[in-house]
Amino acid sequence: MNLKEYCGIVGIYNKSEAANYVYLGLHALQHRGQEAAGIVSTDGIQFYEHKGCGLVNDVFNKNSISSLRGNVAIGHNRYSTFGDDSIANIQPLFAHFDMGQIAIAHNGNIINANRIKKKLVDDGAIFNSNSDTEVIIHLIARSQKTTFFDRLTDAVKVLKGAFSLIIMRENEIYAIRDPWGFRPLSMGKLDDATVFASETCAFDLIGAEFIRDISPGEIVVAGNEGVKHYSNVFDATNEKKCVFEYIYFSRPDSYLWGKNIYSIRKRMGEVLAEESFVEADIVIPTPDSGVPAALGFSKKSGIPFDFGLIRNHYVGRTFIEPTQTIRHFGVRLKLNPSKDVLKDKRVVVVDDSIVRGTTSKRIVKMLKSAGAKEVHLRISSPPVISPCFYGMDTPTKRELIASSHSTEEIRKYTTADSLEYLSIEGLKKVVGETGYCFACFDGNYPVEFDRE
Amino acid sequence: MNLKEYCGIVGIYNKSEAANYVYLGLHALQHRGQEAAGIVSTDGIQFYEHKGCGLVNDVFNKNSISSLRGNVAIGHNRYSTFGDDSIANIQPLFAHFDMGQIAIAHNGNIINANRIKKKLVDDGAIFNSNSDTEVIIHLIARSQKTTFFDRLTDAVKVLKGAFSLIIMRENEIYAIRDPWGFRPLSMGKLDDATVFASETCAFDLIGAEFIRDISPGEIVVAGNEGVKHYSNVFDATNEKKCVFEYIYFSRPDSYLWGKNIYSIRKRMGEVLAEESFVEADIVIPTPDSGVPAALGFSKKSGIPFDFGLIRNHYVGRTFIEPTQTIRHFGVRLKLNPSKDVLKDKRVVVVDDSIVRGTTSKRIVKMLKSAGAKEVHLRISSPPVISPCFYGMDTPTKRELIASSHSTEEIRKYTTADSLEYLSIEGLKKVVGETGYCFACFDGNYPVEFDRE
Amino acid sequence: MNLKEYCGIVGIYNKSEAANYVYLGLHALQHRGQEAAGIVSTDGIQFYEHKGCGLVNDVFNKNSISSLRGNVAIGHNRYSTFGDDSIANIQPLFAHFDMGQIAIAHNGNIINANRIKKKLVDDGAIFNSNSDTEVIIHLIARSQKTTFFDRLTDAVKVLKGAFSLIIMRENEIYAIRDPWGFRPLSMGKLDDATVFASETCAFDLIGAEFIRDISPGEIVVAGNEGVKHYSNVFDATNEKKCVFEYIYFSRPDSYLWGKNIYSIRKRMGEVLAEESFVEADIVIPTPDSGVPAALGFSKKSGIPFDFGLIRNHYVGRTFIEPTQTIRHFGVRLKLNPSKDVLKDKRVVVVDDSIVRGTTSKRIVKMLKSAGAKEVHLRISSPPVISPCFYGMDTPTKRELIASSHSTEEIRKYTTADSLEYLSIEGLKKVVGETGYCFACFDGNYPVEFDRE
Amino acid sequence: MNLKEYCGIVGIYNKSEAANYVYLGLHALQHRGQEAAGIVSTDGIQFYEHKGCGLVNDVFNKNSISSLRGNVAIGHNRYSTFGDDSIANIQPLFAHFDMGQIAIAHNGNIINANRIKKKLVDDGAIFNSNSDTEVIIHLIARSQKTTFFDRLTDAVKVLKGAFSLIIMRENEIYAIRDPWGFRPLSMGKLDDATVFASETCAFDLIGAEFIRDISPGEIVVAGNEGVKHYSNVFDATNEKKCVFEYIYFSRPDSYLWGKNIYSIRKRMGEVLAEESFVEADIVIPTPDSGVPAALGFSKKSGIPFDFGLIRNHYVGRTFIEPTQTIRHFGVRLKLNPSKDVLKDKRVVVVDDSIVRGTTSKRIVKMLKSAGAKEVHLRISSPPVISPCFYGMDTPTKRELIASSHSTEEIRKYTTADSLEYLSIEGLKKVVGETGYCFACFDGNYPVEFDRE
């Protein structure tokens, strides 16, 4: 799938050269946002920041990392949502307020941000960024409560939507997940240091030990007095974890909400095979995201697994525009079909999802022109019919092909010989009946939105 | 002299490719700030910004200039005062508030900024920069008045100290000078466009016509309804124009407060010669700042003018640290003595001012080692005894050699054969008795300060 | 495997914006050399060049590509062999000589280069690079023959060792393979243009059609009079194609010497399974190079294929040095084990080769610490016992673990429960008995070398 | 004047961190070439090089300087002549030849280079650059003599034209001036180190002591056995030092051929005043090159010296194209007239030379539009009627306004009220009757040229 995903966040408390670890953590979370990156660190007195557009390795170098002093640091990988490219919008955001300094890294989407912003602005607030996240700092700064913790809870209780937050003050880090728990956030341990990250693969890279997920609605504080947690801050609500993290966002080696991503995707492929078996010679994935489901499909169906599309891993930043002589350039730049594998074969090709349908169409054509006799498209998630408002960058409803076309119409469009999606029931069989947001598949939005 | 000076600002209203002109204006004002530069433009709907550290030509290129769309733009050259190097502190500052968008460029120093900031922060404001200037936006945003003009006057009436401001909204530019008139700000005209700039040399470069200085305490608005001006906004106060603009800051080709900088500096040299004539063979300047005064000294004294120190104009960014074998490296990198001119001569060397005394000492040594028989140091301004709090970057009182040493002691330190300063009376003879701030020379601060 | 491979070369004749296509071709060949890249183009009169250190996308941008004018261009991706990092060593090399201008791109290693160089230098030649390739230009320039073709054949007949060459003159391109045919070179067609490239995957990317491999000892000329080929230039010799191109160098989607790389590697895995079956629960590859052989092993053995090591594809340029708290950092940065897949499993892990043994050791440890009960290492090529002198960057004999250790000793070193290599017979079963250089496996060097 | 000048060269032998000193020397010689710079150093075994396009400070940074190891180094500032922008043309050139390694830095122009090159190329030589300088290395490499010194003399005796050379081998540096002595080259001493540089200002900056000029036709060798010099290498010839070094090229603080540049230029102004006195109110220079002559003119004529044109020293790299509303942009960017100084005055403006006449025309217009009543143009050198072939970048004869127009016609073109040049006799009165090349003024070329 080609969805662009939202943001990775990392924080570490009580580790010398903290920014080094955050840098590596952002590296491990690079798949969650390639447009910009930033780190803010503190030595307990001053805050140090470095931000820029591009991949983690484009933004940082040895000098910039070593200028980020102190034992506490937080970082952010960004895929832009509603903000633009200005450096003021790159997170972590930083501000002075009456209790000192504060920096904040946010993964998610606050759906009542505009309403809150309007109220704040009417009340004399000024905004330096287009980021929704800035409202959180304003809410904290304007709370009349006397302790920072009370002000923080004042602030986050106003927010609706998806927010996994890492907030840094001079001597502590706060990790927060919204009461619905849309976006992931995990806690780990590295010697005496406490680490927070969007995904556990960041812990693996820096050699930290995964402890547990932050719970929906929970606030965890790592500070001088150790690690404390608060679970009764928000009103009771139903857990609504984003099921798309399982399907596409998270890295296969991460463990999320008690499950390994790779294993759960393989299981989706198995159920998909149960639901939509087809006689074929080989099962191939769309690399890399379709690999685990294709393995699962192969295992359950007994049809041999193979690679019929070879991915070029150096690609991604080519600047030469495709000329007309180079057809389907964008896809071809990334994928090249293996004629040897495909020739005269009945092929099941497994992808994780279909958004606009254009990529699927190109892949089917590519496979057929490489000699495939039949191409059976199998999608390891249900049709995406509704846009996401909680921090996933789906296109508008109009652009979602499944919002207005039947599966048979989509099949015709892609020219596949057959097309089957994993059913919602099938998906629930894998992940569990409840506790997830399935809005992109069923249109039932767990939190009403009022974005003007 | 080696004082680092404060900021140049430019704005243009109603000119296609406005950012081009602001870029060139910043170029002409490069001497007022070499650490950072920024431009914000608007097409009436959106604001566009580009900022960075370094010289104007390091920060901008064709692409960045052409991305700054619209017919209205303002720009800023920065020498950092109390802020640090973070990009958030580079001006023009930009914000959203309840009446839309705003950008602001500031030259000067607001001495009650901390007090105001504290009050705002106590009241829930957050600050994204360390810049004093951000308080102005907050004051405007929080004013209860209904029109922007009333809010603006609400805001600026609270400020104490030095502020020449250029403020941009979607469809207008405001130019303001504080009621004391510390820092310069001029208005010009280029076809139908209105231009504002710290110095008139910016008008010359872009082919604009100089109209007049903005008066102390005046607000000028260039907008849809033409150019309006308001002079009764502030309480009456005494004009206190910074006399150091005449002595060192401004570019010699600028016209300021009715006088040409070059001519006034030459005149200072003449009066200096009247006050402290000495028998000598040649008068030489410390290039480039001492040139006009040395010419004046030569003219009045009848002693021939010559160049005994040659300046290397490519220098300024050499990164190799001087080793011990290269003595007086810093000065030598910029200046090289002409033995032919100096040998066996009695030399009057004219500089614009002495701050710490170290540079003067090195220059005297350089001249003597090149063969000068006598070196008579003549300074075309009085001894600097007190630091400036209005936007000039003087060192602390402790570092000002004249704050704790007599002229004779300074002479001994520099090893000059004689040392004379222009008297305050002499200075007043040139610039006029009143209307200026002489605080750096006499310690009489026209606006009390309360910086904690 | 971790061998660093040698060079990719591309050329295109008779295509407008030729440099665009060469740029894309170099992109497709990025796996053959990541240290430097260069393109030289010609409009028939002048030559244009652009070179630099780094990946293709670091070296080129729109401006540099568009400055490379003309309908003829050649390019080179470099992995440095005996030259150093100086820009003078980056290919294509360019020179003026008595017949005009010439540019040359070389893949391979000329083993008598030093001897030739010495002779040339003794004879008054000067060398601007450390590259072996420069001798070829000298030989051409010094030949007494009257036509370029005769001079070229004079030159290349002197060379011993591996050389696939693309040579550009003002109006023609020559493609040459040494008589042993060590390194690959293929010819394709794009509309009226003739294309040459190290691997066919470059043709796929630009939409060109693969025509055929250049034969060992063949010279192909694309020029005004169409495409001509000459096969009787060199003395008869035995074909000695580098078998390691099949094992590791070439991209899996390329077709080489009549075979698809992916398929041949899968077949190696099958034969490996026949030779060294072991009872196990899963077969996993070392990503990405071990994937096809692991699939083949799984297919033949019936043991299920899975991914037990997840590869992070963004990695490769991290600059932070591993601290002691981050053990096995280098490998971990690229690979992360899947506990879910590995836990309590008997694991067959398939890699393409073992060079020093250190990576294998780390991978075995990684798998065991992730819970694998048994780890059986299977290598889809024979033990590498001798260094390569024909353009493959193997370490010295001393560093090759198999040159001085038995398979059992290597097994112990890696802590694997069993270790088996593909036998030479097995390898020949897959690729064919003759026509290949197996020197790295058997020490029989087909061309004697005399490098001092 | 706007002539672009040719090349500065520096070398140092026997100084730790030699490249540091060469870097600083290039800095001091920046006025001799702003297009490219390079340094080659050696530790006695290996050569290290770093080159690039731009100013010295654009090309080098701390890292690149520290990578240039060893106690011997040479450097080059380049203004391109017949070569293009390719990095291969940036000096010092470097090569391997049969006696080891060699690097060479050249200031001047070899007029029989093409003829030599053709012969070398016919004889099988290949050329990697378009630089004339490469022929020298070839000649050395091909000489049949047994010692390097004999080969070197073999080589340089073939050359005709202008060449000041610094040549580096593993353990020695050679400094050479052509027998006519067109271009300068001086020797200095810094502790135990021997330093060579185009101008003595480079010695001043690094704290070296000037010893003497290298004589025309002299070869000086600094090596293990100390400093040796050889004066009888070339056939006897007449000294033809470039008089334009005195007029424009060299920095005013340099000492050249026994004279201080600044003093000699002042003296030219004095003689100019004797020859072409005119009644006027002020004498002003075209900054900066006209300053010393204007001072001399003022001294001799008794007309007061002043600055009527203020130079902006930050300018030089502005990329915005002048629009039509900004007339005379190029000149205005650098110079701004002082109305205060010029208004109603009869002005003598002194420039060092006129090439095309366009700049002079703009300056006269600028002065008049600033209020000058009369403008008398005085040029401190004779009319430039013939192009230079010895390393000065004059335009073609056609473009030299004085080659085809009388002084009165040029006066009319510039709109000056009067125009006078220094006569050739006047010039000789200052510099001496003989020993100089006056070809640009009288067309008598001391070395015949045969450039095809």
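We call the chains A, B, C and D, going by the order they appear; numbering starts again at 1 in every chain.
The rule is simple: a residue touches a chain if its C-beta (ideal position, glycine included) is under 8 Å from a C-beta of that chain, and two chains touch if they have at least 3 such contacts.
Bear in mind the structure is a predicted one, so any value in this text is a computation, not a measurement.
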| item | value |
| --- | --- |
| Chain at maximum distance from chain A, centres defined as averaged CA atoms | D |
| Computed distance of Cα centres, chain D from chain B, in Å | 36 |
| Centroid spacing, where centroids are CA-atom means, of chain A and chain D in whole angstrom | 61 |
| Distance from the mean Cα position of chain D to that of chain C, given in whole angstrom | 49 |
| Chain C residues counted as touching two or more neighbouring chains | none |
| Complete list of chain pairs which touch one another | A-B, A-C, B-D, C-D |
| Of chain D, residues touching chain B in the complex | 17, 20, 23-24, 27-28, 30-31, 55-57, 61-62, 65, 190-191, 201, 204-207, 251-253, 255, 260, 262-263, 288, 291-292, 295, 299, 304-307, 310, 312-315, 317-320, 323, 325-327, 332-333, 336-341 |
| Sites on chain D touched by chain C in the complex | 49, 51, 86-88, 93-98, 102, 121-122, 124-128, 130, 137-138, 141-143 |
